[in-house]
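As written, the chains take the letters A, B, C and D, and residue 1 is the first residue of each chain.
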Amino acid sequence: MFKVIFMNYVKDFKWKKGMKADEFVTGLSKVGFQSVLLGRASEIIRKMKRDGAKIYLTFTSNMATSGLRGFFAQLIDLGMADIIVTTVGGLEEDIMRASKERFAIGSFRADDVALHEKGMNRVGNILIREESYANFEDIMTRMLGKIYEKKKRLTTAEFFREIGLMLRDKDSILYQAARHNVPVFCPAVTDGALGFHLFMFQEKHPDFIIDSVRDFKDIVVFTSQDDRKGIICLGGGVSKHYAILSTLINGGMDYAVYMTTASASSGSMSGATTDEAKSWGKIKDDADAVTVIGDVTITFPLVMAKALEELKKEGCLRK
Amino acid sequence: MFKVIFMNYVKDFKWKKGMKADEFVTGLSKVGFQSVLLGRASEIIRKMKRDGAKIYLTFTSNMATSGLRGFFAQLIDLGMADIIVTTVGGLEEDIMRASKERFAIGSFRADDVALHEKGMNRVGNILIREESYANFEDIMTRMLGKIYEKKKRLTTAEFFREIGLMLRDKDSILYQAARHNVPVFCPAVTDGALGFHLFMFQEKHPDFIIDSVRDFKDIVVFTSQDDRKGIICLGGGVSKHYAILSTLINGGMDYAVYMTTASASSGSMSGATTDEAKSWGKIKDDADAVTVIGDVTITFPLVMAKALEELKKEGCLRK
Amino acid sequence: MFKVIFMNYVKDFKWKKGMKADEFVTGLSKVGFQSVLLGRASEIIRKMKRDGAKIYLTFTSNMATSGLRGFFAQLIDLGMADIIVTTVGGLEEDIMRASKERFAIGSFRADDVALHEKGMNRVGNILIREESYANFEDIMTRMLGKIYEKKKRLTTAEFFREIGLMLRDKDSILYQAARHNVPVFCPAVTDGALGFHLFMFQEKHPDFIIDSVRDFKDIVVFTSQDDRKGIICLGGGVSKHYAILSTLINGGMDYAVYMTTASASSGSMSGATTDEAKSWGKIKDDADAVTVIGDVTITFPLVMAKALEELKKEGCLRK
Amino acid sequence: MFKVIFMNYVKDFKWKKGMKADEFVTGLSKVGFQSVLLGRASEIIRKMKRDGAKIYLTFTSNMATSGLRGFFAQLIDLGMADIIVTTVGGLEEDIMRASKERFAIGSFRADDVALHEKGMNRVGNILIREESYANFEDIMTRMLGKIYEKKKRLTTAEFFREIGLMLRDKDSILYQAARHNVPVFCPAVTDGALGFHLFMFQEKHPDFIIDSVRDFKDIVVFTSQDDRKGIICLGGGVSKHYAILSTLINGGMDYAVYMTTASASSGSMSGATTDEAKSWGKIKDDADAVTVIGDVTITFPLVMAKALEELKKEGCLRK
């Protein structure tokens, strides 16, 4: 243990005029505490890409509600995600944004009753108009009809691929995923406004089925024992667990970066560390793995700023 | 605002020899900080029961892995939950426990690679043997065959009801739920070992379907506009959101108690407060609602210790 | 390691009508996650008392602002604290409360500008009138005069002992401490309203000195190498560190219970675990030690409810 | 309220090859959640400097243990801090580093008993050799003698100024502070290894006094009612409170940036928000103020990267 320790010493961070974002992250990586882990995360992501691992990118709904949405789309376009797992709310918002809806920046301490009266829904300090959801309903009604014409029993990945093919926004997660054959899995697909629309549609078309069981089969067979596998896991919950569980019988992840605000102290999945995942075999015993604590809207772009710069130089990005 | 404020003053907590648990909680409720909110939560739960509200009890998987599992079963038996929403891991563990499996108490700082080698899976400081999962596979294989004979296309609530009817353990959540006609919804039903078993079963029986869309319909129609509705929401994620979303078109919750360790600062669903839910109409503008921060294995039994004692006296419990 | 693990299994928590607070805590102690650590904390506190250890009780200012204040006084009276370390704000509030001031319970989401206009100061969800501070000034001016007559150069422990001797409230920390010869150390004594009063007083009496260096000497020599030493450390910061540091040259603590909401992830003293303290020798390598995460206004009374009940039965309490 | 809200919309973050650190932060500032507040913090710091406010920089000990230490020194040199408040541990480490000691980067999950045996002390994931403390003792013994020759009764700011004048390291906080006449206040000056050395020194020189009361006077008179005042407050505890308290009678802060990992839910000073401070008048009602949640080793350099770049362009930096 000590050998490893002594290879690294705390180094004073210094600001330089005009410094680049990647230099900045390099500077942070010897400061101490979470900034060290940030540096490690950047390194692991670079390694998983260079090693040709299949990269799982998972995130919770709120992250796609935020301005990380276009960044996720960009990462797919650059070849940094081979498979996506997420929850439905963020995908709804991705579709809204692709239809020119805009979300406002408000305050965490807003008067929520007043917001409700004004038809504004709050997600942290982001505000979405109820009208945006009404527009979303129109879009979905139209899209559901078209999808049903092609196929009556779909997995969630098949369903969202069809939607992606109908979008025309290069900043959209679903658009880029469909274009690059990156499957988007969404295990709790009815847990959002989409749930209402699916339910209304099924009332009229009882043979319309979202097949969650085959969905799971598809994510499991996405990789084999022989594939190298890496995960970038933003936030917790179902999207996180569905991804790491799916590789369990194929030997677990070779690389893993968890980024979250949740603490391990309550035994939740959201706070479970990469170490805990090793006890299950969801991550390999000897995997390169790190858990970074902090708000993902800050930590994730930082980690990628350095990894992308280096991968670009090494010719590992698609663009 | 100040009128309300001045009705309550900080009161020194004092220990008394042989004091009862409910007296203890009453003592806490004027201490300050989260203990005040604990007292409020207890009051709101008491009110929702006395008001005849339909009570939604939601919890994350890890809580059913813990010793809260038998407490949830007891609460169903006492008539304190009319509908359950949860994730699949905890239900798997409920079935294991009903089949005499035991979980060990370990440490948060365990050596996870060593645990993996010994066939132990860690959830926080709880350890589950891999063998328990192997036994679970045998049980599920048998049960799936029986369920399939009765019905080929089920919602998650129908599926878990069938399982509950086959169990024989009064400390089991699924057993008590089936017995008292309390539906157990599980929106991401494949996100656990059960996912593997469902997938293997469907391979042989392609007409076996878990209908997630009808699942959502069923939870939506569980209540009407006229029903009074209350929620006790333990932890975050999909189980929390699925429940509050489902009442949205029926006017939202009249009473809400959120208990969580997640912080609101990152905009996550898990950390979203009862206030935020009001902006969406998931909780009514004038609802009695509170968010208590803390580990649910501690805060929830405390809140209930006082509520149950009082409801018992008032003849509001089933037993 | 596994031997220890298998001695404990998760046990379902069950509510019983009329259950006692200590039974309740016993029930919690096999639930999992933080509730297990709560049980351990209770056991360690019981052991430190039975073993005749000198007990250090440290807490942050906000805890004495809360209704834990009278509980701390009771614990001193029962013989559960031999030395106190804290910060000055809480002691000011202890003096105010002993002078019949009352603090209101408000809300964490108050309008702080409105509060300011109404002369209300907020501490979390507790409100203190500015008038209470004005009254405090009168009290201190009088007391400072009397103290100065007796002594011109004091340590903080000497200073607060003099104040305690002038109070007449058995729910007061300083009163009980003075009465039972329990020193109250306050390393950053000017960091509160008292700072202003001390400064005004010293302007008129330049030979009035708070001797912080001798203060440190006094806390160091409070114990010897031979003494058994235990600590109950509520919250973090200076009060925590001053206590554990002071025993370093006397071999460190034999027993330690840390209770806090702070996380270890940022490397702060407040979030530092009992394990980290072992690397410094502040806590002995083989000490019985535990860190419980959660709001102390809830977790600390729980831990004590069980410990006190048992110690009472065993005749280990002063009363 | 809505006018303000609608001036800002969520904007997708996009990575660009070779992007600058300040552009990066600009990109983050419209993402949502804490990244928005990061942008606000940067703006407020820029404003306080351009407005000619006296800038209070406060930080907890662990931050000076980390590689932020040289950055703090740089900020003083650039004219971004007019007064420092901190706790003693970090200043000890600043002196050690100025004497060529190096700190290793380890792991949060280290075996602390093993570390203790090897003479390594852990602060989060930073390791300090016990030998470094032994060397520190030699340095302090020598310095204390020299200081005593000049002055026998000192405030903490006077004391650390003397030390700063004896150092020869431009990356040292104390060196730069002394050079630029920036006072360094340390309210709990004995709460560290220095406490032992001061105590041993006072044993031999009983007229040696650290005058904490005059210390408080000096920080209070540092500003007047007329001065514009801003604070950058990193972490919580005594250093935070001492600074905001000191300006209370001079009207409170005009600008305030709090950066912390502590939560407001437990009513602690560390988690207290800038809003809470307004109820006390520690921050002005109409002050520009923000609280950013996250690890300061990451968030603070980010905030400054943008603020410094802009201030440099505007000619507001000393260098």
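The rule is short, and it goes like this: a contact is a pair of C-beta atoms (placed from the backbone, for glycine too) under 8 Å apart; a residue touches a chain by one contact, two chains touch by 3 or more.
In this text the structure is predicted, and so the values were computed from the model without any measurement.
Chains that count as touching both subunit A and subunit C, per the definition above, are B, D. Seen as a C-alpha superposition, subunit A sits on subunit D after a turn of 180°, to the nearest 5.
Two copies of one chain, subunit C and subunit D, touch each other, and the residues they use overlap strongly: the shared fraction of interface numbers exceeds half.
Chain pairs B-D and A-B differ in how many C-beta pairs are in contact, and the one with more is A-B. With every chain reduced to the mean of its CA atoms, the largest distance from subunit C is reached by A.
Look at where the CA atoms of subunit A average out and do the same for subunit D: the two points lie 35 Å apart.
Note on chain placement: the centre of subunit A and the centre of subunit B lie 26 Å apart, centres being C-alpha means.
With centres defined as mean CA coordinates, subunit D is found 43 Å away from subunit B.
Residue positions of subunit B touching 2 or more other chains, listed in rising order: 32-34, 62, 65-66, 109-110, 124-126, 263, 265-267, 275, 293, 295, 297.
Residues 1-2, 5-6, 8-15, 17-21, 23-24, 27-28, 30-38, 62, 65-71, 73-74, 102-107, 109-111, 114, 118, 123-127, 171, 275, 293-295, 297-299, 301-302, 304-305, 308-309, 312 of subunit D touch subunit A in their complex. Residues 60-62, 65-66, 87, 89, 108, 110, 112-113, 115-117, 120-126, 187-192, 195-196, 198-199, 202-203, 208-217, 220, 235-238, 241-242, 245, 249, 261-272, 275-281, 285, 295-297 of subunit D touch subunit C in their complex. Remark: subunit B residues 32-34, 109, 263, 265-267, 293 touch subunit D in the complex.
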